Amino acid sequence: MLQVNDLNVNYESNEGTVRAVDGVTIELNEGENLGIVGESGCGKSTLAKAILGVLPSNGYVDAGSIEFRGTDLASLPSSEQREYRWEEISMIPQSAMNALDPVYTIREQIIEAVDIHRPDESTPGEIVDEMFRLVGLDPNRADQYPHQFSGGMRQRAMIAMSLALDPALILADEPTTALDVIMQDQILKRISSIQDDIDSSMLIITHDVAVVAETCDRVAVMYAGEIVEQGTVDQIFGKAYHPYTLGLQNAFPNVTEPDQDLISIPGYPPNLADPPTGCRFADRCPMATEECEQESPSLEQIDAVNGDHLSACHHSDRIDTELRPKAEQAETWSGGVTQ
Amino acid sequence: MSAPTDGRDNSMERRSFLAATSAGVVGALAGCSGNGNGGNSGNDLEVPVSDESELGEQLPDYTYHNVAEGQSPSEHDAHVLIADQIQRLGLNVDMQTFEWGTLFTEVTQQYDFNFSGWLRTLGMYSGTRLPEMFHSRNLDPGAGNFTGYENPDLDPMLDEQLSTPDPDRRTELLHEIQAEIADYAGLNPVMYVPNSVVYDQEQVEGWVDAHREYEFALNMTSISVTNEENELRGAWSESIDTLNILGWNNELKIEFHLDQIYDRLVRFDEDLKPDDDFSLATDWTLFPDEDAIEYVIREGHTWHDGEPLTAEDVAFSLNYVKENEIPLYSPQTSILDSAEALDETTVRVQFMDGEMPGPIHKQFSWRMPIVPMHIWEDIENPGDRSVEAPVGSGPMEVEYWDQGTELALQRNDDHFNPVSFDRRITRIVPEASTQIELLRSGDLNYLSRAAPQQLDSLLEEDQIALEEGSSSAFWLHGMNSRTDGLDEKAVRQAITIAVPNTAIVEQVFNGYRTVPEANNIVSPSFGENYNPDVWAPDEGIEPAVSRLQEDGFGWDADGKLHYPSE
Amino acid sequence: MSKLSYAVKRLAEFVVTVWALVTAIFFAFRVMPGDPTAYILSPYLDAEARQQIIENYGVNEPLHIQYVKFIQSILNGNLGYSFHSNEPVTEVILTYLPNSLVLMLTATLVAYSIGIMLGVYAGWNRDSTGEKSVIFVALTGRSFPAFWTAILAIWVFGAYLGWFPMTGMSSIGGGGESLSEQILTLEFWRHMVLPVLVLAFYYMGYPLLIMRSSMLDVVGEEYINLCRAKGVSERAIMFKHAARNAMLPTITATAIAIGFAAGGNVLVETVFGWPGIGRELVDAVLRRDYPVAQGIFFVFSAIVVFMNLVADLVYGWFDPRVTY
Amino acid sequence: MSSIFQELEDDSPGEQDVGSEVRRSSWRRYASMGRDQLRVLSQDTLFNVAATILLFFTTLAVVGPLIAPHRPQERLYQENGVLIDQWAEPAFMSSESTHLLGTTAQGYDIFSQLIYATRPALIVGFLAAVLTVSVGTSVGLIAGYYGGTVDQILMRIVDFAYGLPLLPTVIVFVAIIGPSFENIVLGIVLLQWRGSARVIRSQVLSLRERPFVKAAKITGASDLRIIVRHIAPNVLSLSFLYASFAIGWAILTEAGVSFLGLGDPNRVSWGTMLQSARAYSAVAEGAWWWFIPPGICISLVVLSGFLIGRAYEEIVQPELRMN
């Protein structure tokens, strides 16, 4: 359904041009959920905005294409692009509180979306009620203002809005980050149950590995504007073949091992205004060698695995032997494995 | 009191101006070569220096109350000119500028001044205000004799000229009074201010010199207007906010209109003689020994609202004004006893015994308001009424009155001496330059208050003409003769000589004023009441110096004036 | 607290402030030097008459008696009589206030609509040369002294080109109708053009800058992006969402500005010969006409403080988030 | 929030209060903040234009009397030394006139008056700016920081001040205590602080809740120290913003008051020049060279005040930054 190949997105800022998305290629089949995981600032929400064509004024698609069911959205003029927005591809923003216009009621804001794409729709109000019931909200609360909703309810209202035109693809940009854990769980269950009814596929963007594990079929790990590893949820979380993915998994508490102490990856992501040569994770990667610093690795199939599981690492073959067993000790990350 | 803003810090510039002007101008006019180099004043003394032994005490310092430049630039400059002449005569003068209300209060209510001056008019009869200014009973603060003149043998003459019915006796008394106060030289005319009107001669003609401003009824009934609206259009800078003839406000902008809305018992023609076909009283008989007068009221005349005007109305008006003690007419009501309508057309006016004024028409008949009884009789204090549409009987009546914008009077067709045009519009235009532009473009067809500086450029337009007439208005320069130094006649006369009348008229008022031939506050416009041969000093520092020397005054090395040594 | 108790609290504050203003104004004018009668009476009048008038004015009574009388008269709606014309002050105000209101409200309306439009445009097209020039024009508008531009406007458009009348509210000789009748005539609006343009040029800058800075706050908000995601057209977003939210702070500013505008623009009214309340106040102050000056000042302050109150209440009505 | 806030917030609350060392560091911080602001400001072209204009007029005010051909109220004469040299045309219009901008109806040299008038205009502008800022900021700081009854009283005074329209009140004030230059400035300042006080108060209210202020309180810092070291710097840019607007308003009000004839009679300012041009109806006489220059000078100085103010607005709200 969605085929993004070699996409480059740049931002103009007073420190020069920043390439937030660099040569990203992902694809998403009908009915499938793809998760995009990465630290904040790695370019994942820029990718989402690029797909919807709502980049901020100083951002633009530099190269590559975004094919949605055969048409390249990136090359469409903005007026045609607009027809796709929300009708075909809708979005669930991170915190619904600022995503909803404070001076209009929720109903008005949903109806606004409906009117644009289905002007002849005679009873938009019913769609709103139906959607509210779908997300478990009392329909006549739709006439209230956003500030009168609690955090969870606002997020559900957002979901209701995103489903109003039953789009083929929903981009969820950090849908649960702003919520507490319990509410997160409810929202995720709500999303997966809805998905079964309306068979739309979803692109979930988050830094929370657990969210992806629960809701997605396939995962792509992003770092410093590039996709470093891509595969099914079981492949990535079962046996990752990229040092960054391994490090990422260490950073999240695992319910099954309560006394596990968390290990964070030292150092900071590179400055995308002048990215380093070679692999961008090199200076933080315990297995980095000169080769990693000169030449940037490309996404290749891991031969040890059947089924498409790609990783962008020169030494993906040595991970099983050298890194994986020591991945959980802190000194591996701080001292480095091989020099 | 308010802190006066003294002009000390830049008086140096003023001094250099004055030295140059008066020396230069006086020199040029008096025929002598004068130093002619204008700009530099130099400190060469114009006064003879005598040695210490012959000199008495030095005269004290004086203050000069001047109006702020912002309020009236030309008057302010004229005061500056006078102050510096006095300075050059050897007296220390400190110029202080005040806002008008404060100046008037300090000078006339508190006598806390040495020199000052402003515009004053004497009205219809030259003797009316002489007692106020010179009688000894008016010496206390606020009573009017602000220069502090005290002359016991002049007092009876001041009163008699108002009471004697014999015109020749009056003239004789007036002449003697004028000679006396001219010689006193404590309240002097710097210049006569002629009445003037600048007008569009393609639209208006027929102005007459009527001893009073051109906007009064005599002119209104003499001029003719030739524009298609048949409208006389004038302008005023402040809004006209009251038209109550029995109120407290007799500003010119109000009197100009009331004079046409209401009739007067007796009106005067151009030569100040009673004008029979414009007066409400067609005839009158005097009873001097009974202190009474009987007027015969014109028959068949009606009020603007159609009600007939009878002797009853006239009697009511006079009594009503007296009962309510309306301040504007206090000089008349203080001598009036009562009025009574003998029949439909005759009214007998009884004065207090011995109080019947000599020039009865100029003191009484022309001034009294004649109001409709059927409107005012049940109104208690008229002073507080605000009159929307005044009902009078005069040649014009109010058509509409937009306060702040425009007052429109329309012709009263059945008046016995009607005006020749349909409407008179007085437009409120605060901006002086806009008034001039409207006159130049023909939207307005006359202006009676144009400032001298603006007249030159206006008169370049060929359709614009200027009409000037003599008037009783003069610009006074007063000295407080209570202060020592100014209590000496020689000093007062010397200062009067030093006042640069010609320079003020030429430089400051562009020549649109008249230099008085004699030091007489009564202007020639009063005809036979004017006394031409009073003290008439020539102008300048030298004659002033010689006048002081006659009485033994002298100057020290730095040119300061000293009393004569005993 | 509920909206009602908030309004009551604000009203109590309003009364206290107005009372403080009234007292300050009363004593301010009494301290003024100068004799009020000096202006009124022309050179014709002699001293005797003047003395009598001073007594009648009650100007000589001790201050505290005058003050008590003053407060009593205000409470029963009588602001006293003008020294100058003996008209009741309320009538003077009723004559001149409407003229000022008509002029100033139109000018404020024009200024604020242009200002807001340009503010929205400047806020939306950030960093464009358009924005910079709009701001430059707005600031120049506020820096030219209004009376100076007024005089130039009169001379260029009035005297030189003759397109518009040079003075007043109605043509010479065409007066006589009440303000309500005049408003319907074309002649009245011809007289309004120049003063309104001069005032609009002067007042335009303020709303423009406020609108622009609040637009810039709003433009960065999430919901604007979401509207784009919803496929709403740029123009619709600019007006329906951005401007609507950015309006909130501007509303308070507008209400306060209307409060001040009611006071008329003294200088422009004088230059244009507009029979407004501002010009009347200055004339009253210059001729020491205490009652009129007091009355007008009192009305001014009441309107300004009242509009502050209205600004708060209206803000609440516009912005659903505000609860009292 | 703007960059400078982060910079200020970073200083860890736990810093010991060591006498002069602290004071020296706060001055160093002010200086660095100032440098940082100037760096940002200088990028804005409008700010540079405004700064040059103000610089030009300030030098004119200082050096004016030396270069002005005549004194402001020195009466000038025609060659014959008798008649005042009135209504002389400017040199560039008529060959024989020696006056750059001609003379007034009273015979004063317009060009010299224009130069001499710069000084009072700038004095009224800067005096008003400084006083408005100091009064307004201190009231705002105190009201905002202490809150409670202090805040209520101060805010009621602000409402009271807001109740008085600016120009009419200055007119009454000047009419009461005499039309001197200082009284006009005093009158303007009496009212102008109301705007900055109200805005700064609301700013301080929000700053008071910020963590770094609460932290400073916990470490036992005195109220005064908190206000001066922590809150004031954040508010400083806002008060500069109001200061620059105050310059503009003060000059315009002074010009307005003088235009109505209530200006200081002994001191020539652009306002009094316009007033005498109006009294002698210069425009009607076609003497535009008398009427137009003072207006342009006023507008230039006021405009530069506003432009600097707006540039400062950028500092206070970085998202306004125009690059």
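Going by the order they are written in, the chains are A, B, C and D; count residues from 1 in each one.
By definition in this document, a contact is a pair of C-beta atoms (placed from the backbone, for glycine too) under 8 Å apart; a residue touches a chain by one contact, two chains touch by 3 or more.
Not measured: the values here are computed from a predicted model.
Note on interfaces B-D and A-C: more C-beta pairs are in contact across B-D.
One simple way to say how far apart two chains are is to compare their mean CA positions; for chain B and chain D this gives 47 Å. Annotation: 95 Å between the Cα-based centres of chain A and chain B.
Taking each chain's centre as the average of its CA atoms, chain A and chain C sit 56 Å apart. Centre-to-centre separation between chain B and chain C, using Cα means, comes to 40 Å.
Along chain A, no residue makes contact with two or more other chains. With touch defined as above, residues shared between interfaces to two or more other chains in chain C number as follows: 33, 126, 151, 270. Among all residues of chain B, those that touch two or more other chains are 2, 99, 431, 433, 437.
Going by the touch rule set out above, the chain pairs that meet are A-C, B-C, B-D, C-D. On the chain C side of its complex with chain D, the touching residues are 13, 16-18, 20-21, 24, 28-29, 31-33, 126-127, 131-132, 135-136, 139-140, 142-145, 147-149, 151-152, 155, 205, 209, 212-213, 216-217, 220, 256, 260, 263, 266-267, 270, 278, 281-282, 285-286, 293, 297, 300-301, 304-305, 308. By the touch criterion stated above, chain D contacts chain B in their complex at residues 71-75, 77, 80-84, 105-107, 175-180, 258, 261-266, 272, 275-276, 278-286. Of all residues in chain D, only 46, 156, 159-160, 162-165, 167-168, 171-173, 175-176, 248, 252, 255-256, 259-261, 274, 278, 283, 291-292, 295, 298-300, 302-303, 305-307, 310, 313, 317, 319-320, 322-323 touch chain C in the complex they form.
On chain A, the positions that touch chain C within their shared complex are 49, 52, 54, 56-57, 82-87, 90-91, 93, 95, 98-103, 112-113, 116-117, 145, 147. Only residues 1-2, 99-102, 104-105, 108-109, 118-121, 123, 128-129, 132, 138, 142-144, 229, 231, 233, 238-239, 241-242, 244, 247-252, 255, 325, 327-328, 330-331, 334, 383-386, 399-400, 402-406, 408, 423, 425, 427-431, 433-434, 437-438, 441, 443-444, 473 of chain B touch chain C when the two sit together in their complex.
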